[in-house]
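First chain written, first letter: the chains are A, B, C, D, E, F, G and H, and each begins at residue 1.
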Amino acid sequence: MSKPYTRLDKNNAAVLLVDHQAGLLSLVRDIDPDKFKNNVLALADCAKYFELPTILTTSFEQGPNGPLVPELKEMFPDSPYIARPGQINAWDNEEFVKAVKATGKKQLIIAGVVTEVCVAFPALSALEEDFDVFIVTDASGTFNAITRDAAWDRMSAAGAQLMSWFGLACELHRDWRNDIEGLGNLFSNHIPDYRNLINSYTTFQPEK
Amino acid sequence: MSKPYTRLDKNNAAVLLVDHQAGLLSLVRDIDPDKFKNNVLALADCAKYFELPTILTTSFEQGPNGPLVPELKEMFPDSPYIARPGQINAWDNEEFVKAVKATGKKQLIIAGVVTEVCVAFPALSALEEDFDVFIVTDASGTFNAITRDAAWDRMSAAGAQLMSWFGLACELHRDWRNDIEGLGNLFSNHIPDYRNLINSYTTFQPEK
Amino acid sequence: MSKPYTRLDKNNAAVLLVDHQAGLLSLVRDIDPDKFKNNVLALADCAKYFELPTILTTSFEQGPNGPLVPELKEMFPDSPYIARPGQINAWDNEEFVKAVKATGKKQLIIAGVVTEVCVAFPALSALEEDFDVFIVTDASGTFNAITRDAAWDRMSAAGAQLMSWFGLACELHRDWRNDIEGLGNLFSNHIPDYRNLINSYTTFQPEK
Amino acid sequence: MSKPYTRLDKNNAAVLLVDHQAGLLSLVRDIDPDKFKNNVLALADCAKYFELPTILTTSFEQGPNGPLVPELKEMFPDSPYIARPGQINAWDNEEFVKAVKATGKKQLIIAGVVTEVCVAFPALSALEEDFDVFIVTDASGTFNAITRDAAWDRMSAAGAQLMSWFGLACELHRDWRNDIEGLGNLFSNHIPDYRNLINSYTTFQPEK
Amino acid sequence: MSKPYTRLDKNNAAVLLVDHQAGLLSLVRDIDPDKFKNNVLALADCAKYFELPTILTTSFEQGPNGPLVPELKEMFPDSPYIARPGQINAWDNEEFVKAVKATGKKQLIIAGVVTEVCVAFPALSALEEDFDVFIVTDASGTFNAITRDAAWDRMSAAGAQLMSWFGLACELHRDWRNDIEGLGNLFSNHIPDYRNLINSYTTFQPEK
Amino acid sequence: MSKPYTRLDKNNAAVLLVDHQAGLLSLVRDIDPDKFKNNVLALADCAKYFELPTILTTSFEQGPNGPLVPELKEMFPDSPYIARPGQINAWDNEEFVKAVKATGKKQLIIAGVVTEVCVAFPALSALEEDFDVFIVTDASGTFNAITRDAAWDRMSAAGAQLMSWFGLACELHRDWRNDIEGLGNLFSNHIPDYRNLINSYTTFQPEK
Amino acid sequence: MSKPYTRLDKNNAAVLLVDHQAGLLSLVRDIDPDKFKNNVLALADCAKYFELPTILTTSFEQGPNGPLVPELKEMFPDSPYIARPGQINAWDNEEFVKAVKATGKKQLIIAGVVTEVCVAFPALSALEEDFDVFIVTDASGTFNAITRDAAWDRMSAAGAQLMSWFGLACELHRDWRNDIEGLGNLFSNHIPDYRNLINSYTTFQPEK
Amino acid sequence: MSKPYTRLDKNNAAVLLVDHQAGLLSLVRDIDPDKFKNNVLALADCAKYFELPTILTTSFEQGPNGPLVPELKEMFPDSPYIARPGQINAWDNEEFVKAVKATGKKQLIIAGVVTEVCVAFPALSALEEDFDVFIVTDASGTFNAITRDAAWDRMSAAGAQLMSWFGLACELHRDWRNDIEGLGNLFSNHIPDYRNLINSYTTFQPEK
């Protein structure tokens, strides 16, 4: 019995960056900090590159959770920025849900800290309202592999699709020829191995 | 096709702490003992903090399985305490099932030792009787990752939701403003990184 | 929507030990050899203890796959022993299927080497014929964690329940009081930590 | 409720080798390079041995992704070879889909680099068009275990069956007696432990 | 050729707790946070229990490194507390060295954050001045296992002895009978497994 | 500059089994319990097989540390058995040291629980008195890899030789022909892979 | 017997960056690529910040080893750049050794790819000529942990000191007050956790 | 105090391949079988390529240890082949020692199975007779990491240098220009990543 391929479409997708805050990031221990920073910025670069409406939100940022990492603020100066005064589930914040629905997009790309709360709660809420939900697993972080795997199971059982930032970029881009340099830069900036491939490649064929 | 978000509701949830006994705890080797003790006590603190009806039960505690860890007894002096004389599946003990149903709650939060028996069996029994079941994965322990992952698969396939104690606390609390200090203390007492955040935070703004 | 708890019943279960052969065992590298030997013998002890009809089978044992480990032969001298001349899926061997169906049991407990072939193939075949299938994950072995996890996914997606030998013993035994000493011995012989519990326990209360 | 066993049938299966390119292979870090090379060549040997129609394709091979590894080209000189000029999802390339459908086979065996893109995208597309899809997990590679496990979840949730090259060979071969030497060579060439079994076996019985 | 056993002597040992600060602790990722907090507090309990002169010091605590964790301050209200204004190597701070030498002890027990700086630097300086140096490896933390193992090698090559807090307690205590309850409490408070042993032990022989 | 090879000599070696007690064994988490039990019994079998004077000792066995595992008592009914009333370092117990020296052996083979205390302390004491010390690393256990590696470093720096039970058996046996069957049985009983080799070997050449 | 603390001195140290080439970097699999890129650039930033004479060298860069990563070239436009035409041990290249000795520095800080060749060989050669050698372990990479640990052992046994880039920066800087902002920026740019500490710190005390 | 760099010299080195036998190889579980087979054959290729006198030996090969892997026999038809009838330490076999000394080489490159016996024993014996000993760690295998690390410590403490096959090849080759193609082939055949580098390299510059 065939199952429809709910495929990311850059014209129908929005990005929700939930609670990547300076304090909360110290709780993330299921992924290496250098890799996690790179993955989150790679997702942000994807959102800008594919011009996806992006919504930033924080949880109780005046408290120990701390401020949103400045890089994200700087990258999305004009995006809706919802500093939730208390709602732990972003979907409980009306302003946030309004911003999401205002994008008019049916596909929600969600990443955040920590995975089982700041990502899973809005994901489960959005799935309940029939959105297509795509979790960027490697741009989300939590305490350890046990809490991560449990959160993945809960979201996947509810119909969320588990992705990575690289898979997301490829599914949105569809075809290299749409913009070889653009996609190449995105990969070069966030995949050291790919940067090395490009450096070797350009070195061996200087004349091109 | 949207899937309802069966969301933990502190007014409709009960906690079942199954067989955290001094002897059985020596069988737990899929999680570090310091972390496991902290997670189990964190779950117990959640049950008290959110005033969730809590049921304690042990399996054949006069034998080598040993006594319930004293901390749990001391924290829930008035909770139903069912020392099962032999039933390995707590749900086979009438007194236990009666106590569960007496809570009038539809959402059962279950943790125990070992995962594939003392947690899975009552979970599968409760699911059969149409309860909503939430497994606190990081406050449950077993021999190794193989037995854990197999137990997770069996419970998830039957409809149990796999949670962590932190995710549980957040889903029950809903909004920081319900009690900032209370939730803050809960996290400070059981998440060393969060305690450090609070210490730095209060140090840097002594006057608040 | 409640899901029936298909619970192991010692009066309705049979054990299929598939291809635990001296040669094939050298391919098993997803579990420590001392632990794997102990788990397989523990499962065998369970089959004898609960008097479950047990079927032994080997794959092309005259070749490099080698003989069935002698311990299993010695433990089940009267069990059907099908040395499959060539069928890789035991369920393709009529004699084997006949022996399975002759047990009259609806619940098939399967363990073998390697997991994605000697366990998965008969499991998927049995599921197709509406048997309830229980995989003893820690008494099955394969090349590495990647092949194991893939096999688990394939079998679980088809409806097999993933168990461990300890979970199996507990679900079959139901109640300690059915035979405290019997179950105690089973655990003492195959769980060093439980043996230590019993030794300490009996030492501290010599008179009982 | 029984579930049909969609079993690999060598008369109804085709192999899709997607983007095993010299450059992309440097991105693969979720499996050891010696093991990965061996697994990919083992899958290729299976395709040849079982005479399965095999389709080779590359993604933008003139760029840093680099050429298809020469071993695969040499093994399948007459197979359709689609150097996709830009389509990231091979199923978006008409020539590729035409070649797939030209095989007349309903069962598609897919392996590639990286798992969440070059394998998952065509797999999800093929599932949508009611093909039976078998993922050769250990002949596919990606950045790390997080991206791999997420890709597995996405494909399995859509109905793909997760296999390993060894499981694939066994399911296709069905019975040792179809060709003992052939299957033995396949294993000997790609499973060092099996080669050792055969060497010991033949040494101990030189006369056979 | 025999080598003298430089054995910890509670009458000749001092404890140096270097830079266990709220901010720096977020850099520690080579040990689980719950275990690390427990180990550091266990070492502090040892220092108090064996009445070892203890010196607390912090590095630039007004900055992001943050305050010393309050628990240590509260446990050693009367101990020398040197808030180093800038010296990264505590041994470069005269006040610190003076305090160390004022203890009159030849054996220095050092733990701190991070291992390759705050522990290694004063350790190497102290070794140069012919002190006997004991590193409490599991009460020291750093970025990852690579930096830890390198720091261990550097300190061990210079003559430091690598210990753990439990080994330290045992070597200082020499004989259970010096204070059975005292050592038992120390272990019970910081080794969950030992606490379970004691709980089972006392339960099984209530009358003793 | 050549370094003498201090080689185990069965005529000059004694075995010290220190504190393998039922309670203390629950602290051992740096090695799998099934493997550890097998390794300790393998070492004991070596001691009996090579007829090495063997000394058993326990630490405060009336307390929670618990009794010596019965298997060791049963295997060495006539060996000196020193139940140390309190000395944590066995070498502080005169009776123990007297028993060691009474063996007249210069090479001391030490294993125990936990590694950094019950093994390291007597090892360092013995090295100080110019004994040749051989640590059976895989028949010694402790809390985790950090405490183990630190203990190894401390003992190796003092001149102890780090061995495994299999290396010990081989160095003592020198030549297969001294007793092929004896050594074969020792390996078969404690190395499942070797048992499989023997089973295949004997099966393929029944006549020998 | 005291051992001198050979302490890094920014006035007496030079940095040798050996073979961080685009092709060779694809061989590095003992450390995560994002972390490794960050560590190498952190070391380069240290060399610039502390104004240490820095020598760049490559091995047969016209071949598959590929070009030096462009970031290092751009950071040290005026540093000696020795493209070794064939010498695998940089110390076999006269121009290289001349450049090293021309720095007049006795302390050589070495990092490179791969660890057991491009780092170990010049390190062992330099030690032979009585240089003090400091290996930046986390800015050096190789095939896997086995080859790394073996290389560490070989270099450490010869007297090299095993460091990390962070330890190096701290030992060179000596005192925060020499340049709080400078060291703070270095850490902020290369330690995501430290960047988060600074962001939280500055947020909570905006007025400073 | 400088330490001489005892550097491998192809004119002064011999290779000892000890007990890589079909049966014993099933005991090797501290390294992946595909990688181990590749590493052993890579070492053998080095021995042939650098024309190093090579000695093959087996331990009791008529028994379950099994025959030497055929690849090594075929590669060194004219090398001394000592089938030790019983000596577990190859250095106890006169014929073996005679063959070693007959090479006239002072540098002995040793690899074998298992590490703590078949490699360590002859290594320690050779060190005692003032040979320079180089252990090829990744072409030697044993039960697990504990036994390996212990063996490494024992050999390193006695003065053996711990190498890898790649480090060995580089130290022997000294300069690419001695034979670019030869060394390139050696790497291409045994390092899949290097083969990919060469394939990409030659593809991008076909005319060279």
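Note that a residue touches a chain if its C-beta (ideal position, glycine included) is under 8 Å from a C-beta of that chain, and two chains touch if they have at least 3 such contacts.
In this text the structure is predicted, and so the values were computed from the model without any measurement.
Using the contact threshold fixed earlier, the set of chains in contact with both subunit B and subunit H is A, C, F, G.
Between D-G and B-G, more contacting C-beta pairs join the chains of B-G. For the pair subunit E and subunit F, the distance between C-alpha centroids works out to 30 Å.
In this assembly, the C-alpha centroid of subunit A lies 43 Å from the C-alpha centroid of subunit C.
Of all residues in subunit A, those that touch two or more other chains are 23, 26, 32-33, 66, 144, 191, 193, 196-197, 200-201. Every pair of chains meeting the contact definition is listed here: A-B, A-D, A-E, A-G, A-H, B-C, B-E, B-F, B-G, C-D, C-E, C-F, C-H, D-F, D-G, D-H, E-F, E-G, F-H, G-H.
Within the complex formed with subunit E, the residues of subunit F that make contact are 23, 26-27, 59-60, 63-66, 85-89, 92, 114, 116-117, 120-121, 124-125, 127-130, 143-144, 146-147, 149-151, 153-154, 157-159. The residues of subunit A lying in touch with subunit H in their complex are 197, 200-201, 204-205. Across the complex, subunit F meets subunit C through its residues 22-23, 25-26, 32-38, 66-67, 69-70, 191-193, 195-197, 199-200, 203.
Those residues of subunit A whose C-beta lies close enough to touch subunit E in the complex are 26, 29, 32-33, 144. Within the complex, the subunit G residues that touch subunit E are 1-5, 7, 31, 135, 137-138, 152, 156, 161-164, 166-167, 170-171, 173-178, 180, 184, 191, 193-194, 196-198, 200-201.
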